[in-house]
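The structures considered in this document are given below.
You will see chain A twice below: alongside chain B first, and alongside chain C after that.
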Partner chain A sequence: MIAKEKFRVCPDTGFKVFDTTEKLIKINAVVAVVFLAVGGLFGLLVALTRWPAVHLLPADLFYLVLTAHGADVLLFWIVFFEVAVLYFAGSVLLNVRLAAPRWAWAAFILMLVGAVMANVAVLQGESSVMFTSYVPMRVAPHFYLGLILFAVGALVAMFVFFGTLVIAKEEKTYEGSVPLVTFGAIVAAIIAVYTIASGAIILIPTLLWSLDLVADIDSVMYKLVWWGMGHSSQQINMATQVSIWYCIAAMVLGAKPLSEKVSRGAFLLYIVFLQLASAHHLLVEPGISSEWKVFNTSYALYLAVLGSMIHGMSIPGAVECAQRRRGFNEGMFGWLRKAPWGNPAFSGMALSVVLFGILGGITGVVLGAEQLNIIMHNTLYVPGHFHGTVVAGTTLAFMAITYLVVPLIFRREIIWPKVAQWQPYLFGLGVTGISLFMMGAGTLGVSRRHWDMAFTDAPLNFDVPPAAFLMMGLNGISAVIASIGGIMFILVIVGTILFGKKRGEDACRTNPVILPGGGATVMAAGSEGTLKLPGTIALVSVFFAAFVLYYFVNWKYLSEVWPLS
Partner chain B sequence: MTEHLNSGDGKSGDSNGGPENGEQRIHAMQSLLDNPFLLLFIGVAVPTVLYTVWGVMEVVQVPIGQ
Partner chain C sequence: MALTPPENPHWWREPLHRMEIGWITIAFLWGLFMFGVMVYWHINGEQNLSNEAYRVNPDVYGEKVEAFAEKYTVRTEGKTEIPVVKPPPGSDIYMLGRLWEWWPILELQKDQTYRLHLSSMDWQHGFSLQPTNINLQVHPKYEMVVTLKPTKSGEFGVVCNEFCGIGHHTMLGKIYVVDK
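So, the complex of A and B:
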């Protein structure tokens, strides 16, 4: 007989929030934000070193800081936050206690110990091999061990989430299908299982190799399996951030997807095809056939891109429908002008959708084409692309939902609401600059990972165009702007959790953070069921035209690399 | 099981013409989407076969340098 667990009913959303779930959401979210702060600081140091006029750090410290930046923000910040989202989407949205709370705590401790251990290994200075840690570069064994412990902890957290789904089904705490947001979280967890398994498969023998217990690790084999983790971990982000987009649109505006079936179908495309995009990191590897490369990155990846484009139309379409239903019907874009742009949850979500699609999505398709990849492989274009996806897309989406999590789960009123209002814009502006200027510099041939972009004293000279130096200066300025936006976020969130006014029972009336009934909209099934969306159709058409144009411009660039005469 | 996706608003839900409270046929695709463990199997098996196993087969066929 299982003891009944205590819960409270959220006065804002009507959600049943179990004690253990609440504690685990809080602790995972707080640790995530700590790693964002630490990793963001390292990122600023990287950008200031890449800024030619500043060139802050010496080479050894630059590689150390770049390794720590990659691990802290690409892995630890993101996955801790995703675990918090999974517990919310599983336990809170399905009205059920969390399965195996002790295992959930064990998962958290394993992840924390692993993340701290990996950071210590990097800061000790013997593991400055980048987040990718390609063999045969050998690093301190506790770097690999830290990553393995983190991965095992995350895997345990995934199974706690799956266990919660089983309990909810058995106890019939929901009817019919799980809510769309929970479905998106399931997709994220599925991708996470493959991701973490890939990481364990390659990192365990690499740990043994670092201890001289295994003689050799083949470098191509390492890259192949490692990217099953390295890139797929970013696909967990995608599924989670799309879920968050639907969640915020529902909570803040009462928006439902255009067609819930189609949105679930788009998520299914993620499950089947999204992880295959890992192959684009191996597009210039010898020894792997073009059939493998082209199938995985083009045929399969394009089906996952189709999923993203469906979500990319469904989210603004849902917002337009909800706004028009509320009476904002003036012209083609009256609904957009009257959207709650002063609410950081909404503005962060909207910026995340747009920036992810334009900066991260289009460029990802270009990078995924084997022929086009060759003109930008291992240049700064690649980090430019993934700052568009992981920072402008995922991080901004996670920041946006935090503005709802803090009042609703931590039960605190946001301090400095004006700062919170401006924060997504400033952060979004900075990240847009980072992404665009890095991609611009990469297009001009700037190397992805080198401390000295000019390759001074290198035996083989490479003349970097002057415009590339300008791009890297602008990238540095953008990084400073994004850092200010990041610091504003940390100050507002940490300040609110520590010093914010307790949110009372009647705050849902006196100071609402979501639309009345927004919580029920997240949990309910339903579709807008219309395509009369002139504003969304216009916006999507502009996006699509930009997509096609940019794709073919890159083929033009390619034709200029090897001119035929 | 009588619930269907899109049943919340009554506008775009499925109507198979079945009795309101009786047994309704559930579409195979919906059964798939409602089964997280089947989805987990697909989501792990497909990339394992198409990316990892196929890729490993390619790499092991590269002759070892003398």
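So, the complex of A and C:
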């Protein structure tokens, strides 16, 4: 019976691709892209409304659309895509059939029903409470129910993935330890389990409360547990996106991690420490002690940040190493100049690493310092930061790998390669603008989730600095640029899936999207045998200098604020 | 390679690259340092939040704020005649957030300290004092106390920066800081 499971051998990579795996990867990825398109459109409407000169939507629609934007892109786009990545990292990379395909389909259907239900609840207009739905604001019960169904579906998908690992181990479809990309996916799935558990712990009582079956939900406790889901789910993204970075570097350049031990150790730090980050959302709340805030907000001595900083070195290190082995040895940055910048998978990955580190990472640490949070909490600085992590980091990484998934799994040749080539740059540029200008406006005190920074209808008046209006205009322009990048992505991908030329058996020679032989390693030796990597040292030094400088600048800002104690 | 099992089955015994050891050490020490900065700031920094907070019934809190306002009101302002309250320096001062206003308006003296009490009558609100940019989360049923010292005179806006429904963007309060 086991032998009957149908599969094909990928002519590009040599991996076995089982029929059910392929179907499930396709369907989850396609639905993910649909939610990206819908949620991205909502995002554009948000940005155009916050652009003071345009101020597109009326207030009620603005808050509605903002709620839908959060749910669709932060949750549905990302998690559907992550499920596809997990099935790839489990089934394809380990050459094994997917465990319990029926459960995998059930997971998909639950997730889809939940996501649609939550969208319906929001679009009906009675649930414009923002994606976070802080109590004691009340919304329609089917909003919570939709989220719960979606979470349960995602949990089932995680167990399908774990089951697949067990089968692979039992049937010895791989030798030794699992590949690094699978290891990262396992980390993501483990984090997902306790993330979804947190979600269930808080959303189920909240659903009952919305039905008047529970009397009261404490508002601070709600935030603590809700962000146990909300922030930890960003760490699922982290683990997945870092796996994708390694995956793309391996496929396109044959890059090998400098050291398996270091990369895996860094992933493990995520599992142990990331969930403390719920504290990031509670730094200016009443009723929580400073000791608790300081310990948790720093992930216990910044050990999860350490994990990310390690990946931040080992990804460019692996790329530099691979490039030098392939002969691009000229000077400090010859390897970087000769990198395949015209390949959207590579350029998307590289931009994702850099933008995530600088726009998302550094600002996240600053924002998460207990006292610095006082001058940033709930200003536009916050969405500025997380558009750096989730959009420039995660979304760009997911887009980048899609340029490999489509030829390899869908077996279609990318139509309009020129459009695909420019897409990551345009999207990256737009998102960089969004992130920077929102952070700029936030530093000037502009509130997030706010329809009118001019306070036209308020009984009192307050003048926001003119520079902030300029920032919001530039943010709007950046959002338009990012949207054009997003539309290019959707058009190329959907167009390719529907109308792309079938990718033939010999395409790996005539039109390679990855190194021949599935990116067979170009390095044999362990890390001690690797070359000197001056380019990576230089890049990491620049990053570190920026980090230190920016960190102190913000303490300087804080020191000028009214004394508080 | 990252897509296949490690070639060396004993990968955990491979020695580390010098660059890796160097970077891990630097990153780890930087983390310790940043942790230390937060602790240091609690000891020597001037901008820290107190740990003082009480559970409070919103109605009881509302009565306290009313009594406070009645005692120290000096004038009223705006279409809705919000009282402007001028409490003595060093005293306990009160503000409440409700749909959709911060109440009352406070008038404080420069370089004097006050114990500011904050709570919400209904949903969560965000106390965002601008342009000085101090942001605090205000919960119903929690009374938070922060000691603050205005160091600049002028007119300051209190924006609500936690979404609180359809009138959220009209929720605005005010604090005046006057020279002695």
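Convention: the second predicted complex is superposed on the first by the 536 of 565 C-alpha atoms of A that agree within 3 Å, B and C clash if a C-alpha of one lies under 4 Å from a C-alpha of the other, contacts with A are read in each partner's own complex, and residues count from 1 in each chain.
Operating definition for what follows: a contact is a pair of C-beta atoms (placed from the backbone, for glycine too) under 8 Å apart; a residue touches a chain by one contact, two chains touch by 3 or more.
Note that the coordinates shown come from a computational prediction; the quantities given were computed from them, not determined experimentally.
Colleague: Going by the contact rule set out at the top, does A:478 touch chain B (first), chain C (second), both, or neither?
Modeller: Touch status of A:478: no partner.
Colleague: Is A:268 touching the first partner chain B, the second partner chain C, both, or neither of them?
Modeller: first
Colleague: Comparing chain B against chain C, which has contacts with more of the residues in chain A?
Modeller: Partner with more touched residues of chain A: C.
Colleague: So in the superposed three-chain picture, is A:370 touching just chain B, just chain C, both, or none of them (first/second/both/neither)?
Modeller: second
Colleague: If we overlay the two complexes on their shared chain A, which of chain B and chain C does A:193 touch? Say first, second, both or neither.
Modeller: First partner only.
Colleague: One more residue to check, A:259. First (chain B), second (chain C), both or neither?
Modeller: both
Colleague: In the superposed arrangement, which partner chain does A:289 touch: chain B (first), chain C (second), both, or neither?
Modeller: In the superposition, A:289 contacts both chain B and chain C.
Colleague: Return first, second, both or neither, reflecting whether A:247 touches chain B, chain C, both chains, or no partner chain.
Modeller: After superposition on chain A, A:247 lies in contact with chain C alone.
Colleague: In the superposed arrangement, does A:177 touch chain B (first), chain C (second), both or neither?
Modeller: Both partners, chain B and chain C.
Colleague: Should A:210 be classified as contacting the first partner (chain B), the second (chain C), both, or neither?
Modeller: After superposition on chain A, A:210 lies in contact with neither partner.
Colleague: Once the two structures are superposed, pull the chain A residues common to the chain B and chain C interfaces.
Modeller: Overlap of chain B and chain C footprints on chain A: residues 175-178, 218, 220, 256, 259-261, 286-289, 524, 526-528.
Colleague: Give the list of chain B residues in touch with chain A in this complex.
Modeller: 1-9, 11-12, 29-30, 32-34, 36-37, 39-40, 42-44, 46-48, 50-52, 54-56, 58-59, 62
Colleague: Quick check on the complex: what are the chain A residues that touch chain C?
Modeller: 13, 59-60, 63, 93, 128-130, 134, 136-137, 174-181, 218-220, 246-247, 249-251, 254-262, 284-290, 294, 297-298, 301-303, 305-306, 309-310, 313-314, 317-318, 365, 369-371, 373-379, 443-445, 447-452, 455, 457-462, 464-465, 518-521, 524, 526-528, 530, 533, 536-537, 540, 544, 547-548, 551, 555, 558-559, 561-565
Colleague: Could you pull out which chain A residues touch chain B in their complex?
Modeller: 162, 165, 175-178, 183, 186-187, 189-191, 193-194, 197-198, 218, 220-221, 224-225, 228, 232, 256, 259-261, 264-265, 268, 271-273, 275-276, 278-279, 282, 286-289, 292, 295-296, 300, 524-529
Colleague: Looking at the complex, which residues from chain C come into contact with chain A?
Modeller: Spelled out, the residues of chain C in touch with chain A are 1-9, 11-12, 14-17, 19-20, 23-24, 26-28, 30-32, 34-35, 37-39, 41-42, 45-51, 53, 55, 77-80, 82, 101, 113, 118, 122-124, 126, 128-144, 146-152, 157, 159-166, 168-174.
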